[in-house]
Each structure stands twice: as structure tokens, then as C-alpha cells.
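Below, chain A partners chain B and then partners chain C, in two separate complexes.
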Partner chain A sequence: MKAFASAFAFAATRLFQALLVMVAILVIAFAVRASLGDPLREIMGQSVPEEERAELRHELGLDAPWPVQLARYLGDAATGDLGTSIIYKRPTVQVVLAKFPASFELVLGASLIVLLLSVPGGVYCAVRPNSLGAKLILGVSVLGISVPVFLTGIFLITVFSVWLGWLPAFGRGETIDLGPWPTGLFALDGLKHLLLPAITLSSIMLPLFIRLVRGAMLDELAHDYVRTARAKGVRPLRVWLVHALRNALLPLVAVGGLQIGTLIAYTLLTETVFQWPGMGFLFLEAVTRSDIPLITTYLVLVGLFFVITNTIVDLVSLALDPRVSLEGAR
Partner chain B sequence: MSASTSHMGPRVLAGFAAERPGAAFTALLLGIVGLASLFAPLIAPQDPFDLASFDLLDAELPPIWQQGSDARFLLGTDAQGRDLFSAILYGTRISLFVGILAVVIQAAIGVPLGLLAGFFGGKVDALVTRAADIQLSLSTLMMAIIVMALFRAGLGGQALSQFAVPLLVLVIGLAEWPVFARTTRAATLVEAAKDYVRAARSVGSSDRAIVQRHILPNILSPLVIIATTQVAGAIMAEAALSFLGLGMPVTKPSLGTLIRSGYDLMFAGAWWVTVLPGLVLIGVLISVNVLGDALRDALDPRRRAS
Partner chain C sequence: MRLALILSVFALLFCGPVVAADGKKLRMAYDADPISLDPHEQLSSATLQLSHLVFDPLVRFRQDLTLEPRLAKTWEQIDERTTRFHLRDDVKFHSGRKMTADDVVWTFERLKRSPDFKALFEPFEGAKAIDDETVDLITKGPYPLVLNLATYIFPMDREFYSGVDERGREKDAVVKHGSSFASENMGGTGPFVVTSREQGIRLKFKRFDGYWDKSSPGNVDEIVLTPIKKPATRVAALLAGDVDFIGPVPPADLKRIRSADCCTVVTIPSTRILTFELNQDRVAAFKDPRVRQAMSYAINREGIAKKIMRGQATAADQLSPVGFAGHDPALTPRHDVAKAKALMNEAGYADGFSVTMIAPNNRYVGDARIAEAIAAMLAKIKIKVDLQTMPKAQYWQRFDERAADIMMIGWQSDTLDSANFYEFLTMTPDKKTGYGQYNAGNYSNPEVDRLTLQTQTMTDAEARAAVLRKIERILYDDAALLPIQWQHLAWAARNNVIIEPVVNVIDMPYLGDLVIE
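Right after this comes the complex of A and B.
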């Protein structure tokens, strides 16, 4: 009962912290908008007489002191309104979220590849550290870390699109609408378009996760319970997969959760190489065309995603292993 | 005790090379690339930053081993008629310069903070560790992309290209100081508990003298190791930013910029503008990483034992 109460307190603290971080991100976004963007230009263009500008400025409340404007911005943000895009003339939240399915499916595809390859690869490297296969896997992963993600993408396009002509080089291909969510996962053409970008994105995360799994497994295999299990005659495969791997996954969730920011950055690079119509691609378009409201909205939404996933990772670690996290809560 | 390992005389280097031919080879490769880019103004047949010195009529010529090439251009030309060999030499120079200087900044911030945290402990330690944790959770590359994007959106592409080098150095340098701080802190904690530090204190050495004269020289090995891998990371970050159009401008291309500018031409058949700088970049990164691994094996006594 006491443990439950302290777990609840931890979850509550964690959620409150997440809320604070979100407010901080919104304040930064507000500061960026206030110092870089001119909302009047967004609305009326540049060739409007000064009196009209002053009038509109007053009407929009832009001549109010900045704390008032900040309060208004935060209030609007709470209702999901972060401004209007200069390029698209639509609410920025709508514009950015419309690109979310594309980015999500790319990350999903890459994560599946990483998960399916890194766990067996990492376990193998840990249980057979001196085998040729393990050395090969680790050698290739040094290579994978050394090759920038955009060059991997360019290399794959050269081989599979330009030379062999097997797979399309850019875009998302055919999509099917599932309500508001256009998906490329249920059309052959969409899947073909997804394959190269997903492999590219996974190529940079894979070496990292193989090393993580291997390191965590090596730590677990050194524990006494592994020896005990072996001594009482449990088959090695069962010891590795059922006993050690289960415990090795604990630190993996926590450390893997820290990689989300990096994942977003690499997604941005991958989307640029493959002209994948996702959020990162949109962000760079907004940057080249100085669409400040769109830029800040992207940052706020990515920040939100970052905070949500980090909170979930923390809560999952709590659920998996209350001992570690509760120490931090005190 | 550490006097024997800190002397890197010629004999030690020769032994190192004999033990690890792969690492010696990459070190040699890096040396050649480094010297070539250092003396780029003397080697390069053309100044790739001087727009007036190239001719649009020479645009997109292939390397000399391909048909339709021009003997003046060893590795062909890009879309503006720029000699690719010269551009790669100068581009490597920028990439290495930004990468190394960024790591110098990382170390300049991280090492003193790590020494303070490890030596004094307590509140200083808690503060530094917490700040490092927060900074690391934000992902370097993402922070660098955001900061450069805001500069670009705020100042415009023109102004950004003027300040690209100092901005890149600062952004990449500031983002990764925690790596140095953590390593320094951990190593300092180990050293500060040793007898020679207590001995120094008992003869009346000041804290400052103990840290500077005794602890710092003894924690140099781990710092050298991470500095190597950090340089690879910084070079890669610079290339990624330039590839996104948030780094070096087309008028002063780094390797990343060259790869980006050639990417548009690739489908038209002019593969060399992307592939050749890409190969140089990969070569440099792999060499630095292999060298870092070898240094780790050579300098870390725990690994050497196994």
C-alpha cells in the first residue's frame, strides 16, 4: 500500500515536471516569435501605410506590454491555437499535424527494423563474444556509426533506384485514407516508398542499440543468478532469453528513451534526402521561407512529443522496476 | 606510476603501429588528409571560394578517368564549373577546422567543470551533473539544427553565410561539453582518492596546485580518447547541418555543402559531385573512429589486460 502511494506520488511529480517543461518551451517559442516574427507582415504584407499598421497593431493587441501578450499566447496554446502559417495561410497546428502520419510511419518502420535486428544481434554478440559473427557485427556497427545518415540514404538511392531501378527514390507514393490519417502501410506502392527511408533511418540507430543490448546483456550474464540457473540445469537458450534478456531490457528502455531527440534529428535528415513529406521536411521549408509561426509551432509540437515520450519512458521504467525510480522521486 | 605511460616517444609509437596495423594505417591516412587540407592553398589548382576564377562553360565535367573529361580538372567540376579537387581540399579544411575547434570549446568548458565537480563534490558536483544531464537529454544534433534554423530564419541566408564558421563552432562546441565534464569528473573522483593526492596535500600544496599539477596530467588518457571520438561527432554534425542548408554556404562549401549541392545533379548523371566528397567524409570519419578505438585499447589499462 505504501509502495503504491509513493509510486503514485512519483507519477504525479513526473507529470507536473512535464507540464513545467512544456510551459518553458512555450515561453521560449513566444520569445522567438516576438523577436523574429512580425505578425503584421503575415497579415497585410509590406506596402501598407504606417497609420493602418498602428491601427491593426492596436486591434490585435500587439502594442500591449509583453506579459499580457505572453499570457494571451499561453492561453491560445492551451486551446490548441499557435498562430497562422505565412506560407499556407492556415492554422500552423493543422499544417504541422497533417504531416505527422508520414513522419510517424517512417519512424515506425525504422523502429521495427531496429527492434527486429538489434535484440538478436546484441544478444548474440554478448553470449558469443569471441565468435567471428560477433566481431563482424561489431565491426559493421563501427562502420554504421561512421557513415552519416544522409550518405547512407544517397548510397541506397544510387544502388536501388538509379542503378537497379527496383525502388522509388523519393516521396511517399500511394496512400490510403484511414479517417484523417493517410497511411502508406496498406498499399504496395506506399510500402515500396517506405523501404529505403526506413532502412536509412534504422542504419544509424541500429549500431547504437546493438551495442546497448550487448552491454546490458553482458552485465546481466555476469550476475550470480545466471550461474545458479545454469547450475540447476536450465538450458542456455532459456537462461539467455527468459532470465537475462528480461532484466537487460530494463536499462534499455531508459537509455533508449534518451535517444528520442537524436531520432527526431535523424528523421529530419532522412526526410530531406528522400523528400519524404513529413514534419521535418516541412520544418526546413518553413526555415528557408522564414515562416516564423510555422517554425515555432514545429518546435512546440516536437517539444511536446519529446516530453510525452520521456514521461512515458520514466513511467514505464517505474512499472518495470519501482526500486530505481523511486529513489529519484525522494 | 603513470610516468611510463605518459611518455609517447618514437619507440612507443613504433610499437603501437606494429601492434595495430589498421590503426597505424588510418593514422597515416588522416595525416595525409590533414596535411593536404592544411596546405590546400599551395596544392589546389584553383581557389574554390573565388567565384570569378571558374567558368560556367566548364560545369559538370566528369573526373579524368571518364569520357568527356578535361585534363585541367582531376576530379571533374560541379554545377558552377568549380574544380572538384580544389573544392574537396578546401572543404575538408573547413570540416576539420570546425570539428577540431568545436571539440576544443567542448573541452574548454567541460574539463574545468568536470575537475571542479569531481574534486570538490557536494553542491558544485550536483549542479554540474544536473546541468550535464539536462543538456545531454536534449540531443546535440537537434539543438544545433534548431539554433542554426532560428539564426537562418531570423538573419536570412545571406547574413548566416557570413558568420557560418564561428556559429557552427560555437553551436557544436556548446552542445557537447557534458561529455567532457562527465569523463573528467569520473576520472577526477578516482584520482582524488589516491595516496599521491593526500601526500601532496600533507606537504601543503594548494587545491589549485593539486588539480593542475597532479590530477590533470593523470587523467589525460581518457580525455584524449573521448576527444578523438568527439572530433568525429563534430565533423559529422557540421556535415549534417551543411547538408540541410543550415551550415556552410555554397560560396564557401564544406564537405557537407558539396554533398548537398551535388545531390541535385545525381539523377542527371553527375554522380561525382556528391560521391567523391562523400567518400572523403566517410574516410575521415571511419579513420578517426578506428583511431579512437585503438587509442582506447592502448591507453586504457583495464582493456589492455584482457
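Right after this comes the complex of A and C.
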């Protein structure tokens, strides 16, 4: 009963937090509206008379002061209408959600690469700290973190698409519809298109994660239980992977989960370089073309997404570490 | 090491032959795709590019800006207000229905209802069908640009666009914000039919079997248009063979494509003038013609075209490009810093003054760098420029507020005629008539106003051209504004895609006539 009550309290708190975050985002989004540019410039020819423009501006309600626009928005939102995109001419929620699968698969691909490379890499660097390989891995990873995403992307495209001709230079290729979810994961063409963007995106996180795993492993290896296990004659590989790594994963989940946010921020750049039809590309496009309703909806949805991932991270930490409680997670 | 190993494993897994163009399918990449399929919703190049694929105009421009008959076979002047067009009798819409004069009249009336196009058709009183193959365009007074505007009349299938759709919307409505029947469906006479559209991802076309123009050499059966926003990616996609045709190509990449064996580049000077306006309301010194002339002499236009634009621009000291009636070859770009200093001295500004300048940084090719160069050049005659560059989204708001002393603007004449430049950029601003809407310098010269209005009703082409050239000369002598260059358009294609004959100065490639070897 007590567990149920605290779970309920946890959920309620998180819901409240989510609402707070979204209201804060909305207030900011509407306050800066005026400086986001004039969407009418995008949808009307340059020589169109000023009065035509003024008329449409009034029709769209863009000439009202921002608190009034915010109030109208909230009124519409209550009926489930979050506005119509200027460039896509469809409801903004529909437009953003339609781009979600592409971004999700990109982030998934990048996360897999990070996970598959950072754990063995980090463990190796921790158990053989003085080897040439460890120094090489750490050295290369510094390079990865200091090269801008844009350059990494263009470099990969130049090598693998232009010179070698192995992989496509842009886009998502052909997708297969799984219900409402168009996926590129189950066709060779889709996977080929995914590889370069995923590597590019992962290059941001990989160095950080290798260091994280290495640091956490070094901490664990210094503990008494490791020495005891070794003294008892347990094989080193088992000590590293079963005993030490398991404990080292805890901080990784906590920090790693929060980094998903950073990963989303970098999808903006990666998706633009590769013309990847995801949410990040959509957002940049909306900003350059002053699609104000679309910008607002994107921010609200991403805010919601952050609250959800943080909640999931807390729950996973809970499952991994009995010392963490729902009380504390609140 | 590990990474290298994994990469090579992946490389082995995915190593496969590059898909080559099959000769009849064109994969093209532009910087953006059209946001609507309605030809009358937005007066923009993207809309007109699309219109030339799915519709046909009555007449169209050739590369040298002369007119070519399309759906209209011939035309004649009936009286000073009426132009009669004789239509082809073998033109079918994609629906299979025969195109008649009624469709032209219907389309014309819709144009007059479009918020974006109606100003352009303001001089017209209406259109009248005489019989199935004859239509009259009637203007309110004598009007010299009837044929130029006929390039904007792309007959739409009036039956296809009539009635209501399944969502109860009027099919002929022009809707600027939100969806409409016309923004999602097309019914024209053009060489291509849209087969599928995923906005922002790809737009597919198929050739129309019943296309009237049997003499067209075009052999493209299928077009896939993909937007690729980043220029570097667009170029890489072409070099990698993922697409066959790209545009625009940034000047920095031209050399790289030219030196590659796979591809060719085609460049053409555009008709867009890039100019700076000097706000006389904000800066008293700008009222003095000698100061404006000094500034014009201080600018090294050839240097900008060569260094910043890498030859991809033609230096300009007038508004009208070659091919326009008002173009005067005698008005060559001036550049003489000593003379500029002398003029500043004469005007009493030997010690110079400080001004502000704004320019966009993502609107025109090289925009921010050109503004920086101009600021540096003006510093030589002691005009200290405080320059601020910004994205176009923010820029136009500041421009509309006239928020700086010097402002950059690029202008393309919608009518492909010189008078359009003067009406928008140099006539005295007047809220009521709309003239001088983009004259942010507030330059005002009664003579320019009078002559420009005079050209609007002159139908004698030669006499009219003389007046247009006279205006151009006055603006030059007065240094009314500071024209810099006509930027070049650049496209690139795989060697087997022969784009040269189908591209043009108005950036509307006639892909119906494109040949792929």
C-alpha cells in the first residue's frame, strides 16, 4: 500500500512538473515571437502590396500583442488545436509527430553505436590503462569531440559516398510502413542510409561515454571486493565484466539518460547535413522560414519528451540500484 | 583500431554497385521543394518552376528573353487596349478534356483573386473568350507588358477545379494559410503529372502521355525532386551519383564540380539586382548627391564579383540587366577612390561620418561578405560603417522598420521589365499607390516618378526603351542607390543530362524539353 501511494505521488509530481515546464516554454515562446521573423515573408511574394500582407497578418492573429496570442493559443489548445503550420499547411502536431520516427531511428542507431563501442572501449582503457590501444582510443575520442558535427558529416559523405561510392549521401531512402510508423530499419537501403548519420551523431557522445565507462570502471577496480575476488581465484575477465562493470553501469545510466537531451540537440545539425527528414531538420527549417506555430509546437513536444525521458531514467536507476527510492526520485 | 575494424566490416557488408541513371529518370535536388501545389497561391520561383512542369503558359521566355509561343500559337493587337490570342487546338488537360478559351478566362479570373498575383494583373480589365480557340486580354488603358504577363497565365482545368471536394471545400479557393483542394491537387496541360508527394522529402512526376508538344526533344519519363538544403550535401549527392541534376550551386563548389569528370556546370547571369539603399531620412549627408556619388566611386564592384563571388556575378552600376529595355551598356561600373575623396571634400565631409548598415546573411549568395567588403571600402573615404548582419527571418522586419542608414536588398522584376525596378525601388514612396514600397532610401525625384508613370502606357517599344534608358541614366548620375551586381545562377548535372538548352535567366528550367543521353 505504501509502495502504491509513493508511486502515485511520484507520477503526480512528474505530471505537475511536465505541465510547469510546458507553460514556461509557452510563455517564453510567445514572448520572443515578435523576433522570430515574419512568416508572411515566406508565403507571400516580395512585390505583394503591404495591405494584402497586413490583411493576412490580421487573419492569422499575428498582429495581436503576445499575451493575447498566448491566451488564444491556450483557448485553442483546450480544444486540441495546436495551430497550423505555415509551410506544411497541416496541423502542427501532425507535422512534428510525422517526423518523429526518422529522428527516433537516428537516435536509436547512434545510441547503439555508442553503447557497442563505449562499453568495450571504456573497459579496455580501464583495465589496460597504459597500453598503446588505450592511449589511441582516448586520443581519437578527443578528436571526435573537438571536430564540429557538420565537418564530421561532410567528411564521412566525401569519403564513403563521393570517393568510395559505398553509401548514399543524403536522406532516409525507401521506408516500409509499420502501421503509422514508416521505418527504415528493415530494409538494406534504409540501413545504408542510416549508417553515416548515425555514426556522425554518435561521434559527439562516444568520447564522453568512453571516458565515463573508463572512469567508473577505474573507481570500481580500486575497491576491495575486486581484490578479494581476484584473491579467491576468479578469472580477471569475470571480475571485470560481471563484478565491476555491473556496478560501473549505475552512474552511466544516470548520466547517459540525461545526455539523450544533448543527443536531440545534435540531431538538428546531423539531420541538416544529411537531409534526414526528422524533427531536428524540421525545427531548423521552421526557424529559418519563421514558421511560428510549428516552432511553438516543436518546443512544447520536446519539453514533454524531456520530462518523459527523465522519468524513465529515474525508473531505470530504481531498478538497477535498490538504494534509490521513489521518495528520493521525486 | 576497434573502430577501424568495425568500419571495415560494415564497409564489406554494404559494399555494392552504385545505381546509375537509367536514362529516362531524372533525380534532381533543389534547395527546397514547393510548399503548395497551387499555382496561384504564392508568387515565387518555386511555384513558377512547378507550374512549368505541370502546366503550360500561353507564351514563355527563351534564354535571350524573347517570347516563344506555347499554348497561344499567335497573337495580335486588336486595338490599343485589346490583345487577341489564338490558342492551339490540340491541347489536352491531364483529365483528357480539351483545353479551350474558357479555361484561359477562368484561370485569368482566378489570378485576379489571388492575393499574390492580383497586383501584377491590376492593369487588366478582364479576359474574354471569342470562340473556343480565341481569347482577348483587355487592359484598362494602353499597356506595353501584356505579353510579359501572359507568361504568368498557365491555363488550369476549370472542370477539375470546380465544385467542392469530399471535405466540403470549394475546389477553386486560393488559400494562403492551411490546406485547400488546389494546394494538394493539380490539373494542367503540362508535360508532367504529379504522382506522389511527401512534402520536404520527395516529389515525384511522371510524363503525361497525351502531351500536346510532340516536337519537344524531351525524353524524361519520370522526375524525382528531392530537397537538399545544405549546399555541401547537395554537391556531394551529385558527385556521388545519388542525383543527376542540382541547383543552386554555391560559387565555392563550382571548381570542384568542374574538375570532376562526372559532371558539368552551367551558369547564367540572373536578372536579380543586388543593391544598397541610402536612407536620406536618417542621414542628412545622403541628401547630397555628391556624397552618394562619392560612395559609388569608393566601391570596387569588379573586385567583389571576382574575389567574393569568384566570378559568379556581373558587376552592376544600373538596375536593368542585359536583355531588359532599360539596360544602357554605357553605364559601366565606376570606381575611383581619389575622385570619391574629392567629392567628399567638395560636399564638406572631408572628415567623413558614421552610419549604420544592415544586411541579411542567408538570403543572397555572398550577402554578408559583400556587406563587409562595402563597409571596408567606405572606410577609405572616412565613412565609418557599423554593420550588422542577420538571418533573413529577422532581416525583413528590420528592413520594413527602415531600421538602419544603409540597407541591402535584392530585386527581381516580376514583369521582366525595367519599369518594375523603378516602381518599387526608386519612385517616391507613397502608401496609397504602393509605389516606392521598397525605396528604403526615400530617394525622391519628380522626374523619375513622371517618366516611370509615362512608360506604363507607352506601347511603342522603341520610344519606351529610350525613356527607360533615360531613367536609368538619371539614377546613375544621381547615384540614387548603390547597385552592386547581378548574381549568376548556377546548376550542375551529370554529363549525360543535357541541361544547357533548358535552363534560363528566370531560373525555371523547362524540364519537359530535357534530354538525357
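Of note:
Convention: the second predicted complex is superposed on the first by the 242 of 330 C-alpha atoms of A that agree within 3 Å, B and C clash if a C-alpha of one lies under 4 Å from a C-alpha of the other, contacts with A are read in each partner's own complex, and residues count from 1 in each chain.
As a convention for this text, a contact is a pair of C-beta atoms (placed from the backbone, for glycine too) under 8 Å apart; a residue touches a chain by one contact, two chains touch by 3 or more.
For clarity, every value in this text was computed on a predicted model and none was experimentally measured.
By the touch criterion stated above, A:258 is placed in contact with chain B alone, chain C being left untouched. When the two structures are aligned on the shared chain, A:117 is found in touch with chain C, with no touch to chain B. When the shared chain is aligned, chain B comes close enough to touch A:143, but chain C does not.
By the document's definition of touching, neither partner reaches A:184: not chain B, not chain C. With both structures placed on the common chain, the touch criterion links A:207 to neither chain B nor chain C. Set against each other, chain B and chain C differ in how many residues of chain A they touch, and the higher count belongs to C.
By the touch criterion stated above, A:192 is placed in contact with chain C alone, chain B being left untouched. In the superposition on chain A, contact of A:162 is made with both chain B and chain C. By the touch criterion defined above, A:101 lies against neither chain B nor chain C after alignment on the C-alpha atoms of chain A. Shared-chain residue A:90: touches chain C; no touch with chain B.
Residues 35-36, 154, 157-158, 162, 169, 272-273, 287-288, 290 of chain A lie at the contact with chain B in one complex and at the contact with chain C in the other. Those residues of chain A that touch chain B in the complex are listed here as 32, 35-36, 142-143, 145-151, 154-155, 157-158, 162, 169, 258-262, 264-266, 268-269, 272-273, 283-284, 286-288, 290-292, 295, 299, 310. Residue ranges on chain B touching chain A, taken from their complex, read 136-143, 145-146, 149-150, 152-154, 156-157, 232, 236, 239-240, 243-246, 259, 263, 266-267, 271, 274-275, 278, 281-282, 285-286, 289-290, 293.
Interface residues of chain C facing chain A in the complex, by the touch rule stated above, are 1-3, 6, 10-11, 14-16, 18, 29, 35-36, 41-44, 115-116, 119-120, 176-179, 183, 199-201, 226-230, 232-233, 236-237, 239-242, 362, 391-394, 396-397, 400, 411-412, 414, 420, 424, 431, 434, 437-438. Considering their complex, residues 35-38, 41, 43-50, 52, 55-56, 59-60, 84, 86-90, 117, 120-121, 133, 136-137, 140, 153-154, 157-158, 160-162, 164-172, 188, 191-192, 195, 272-275, 277, 281-282, 285, 287-290 of chain A touch chain C.
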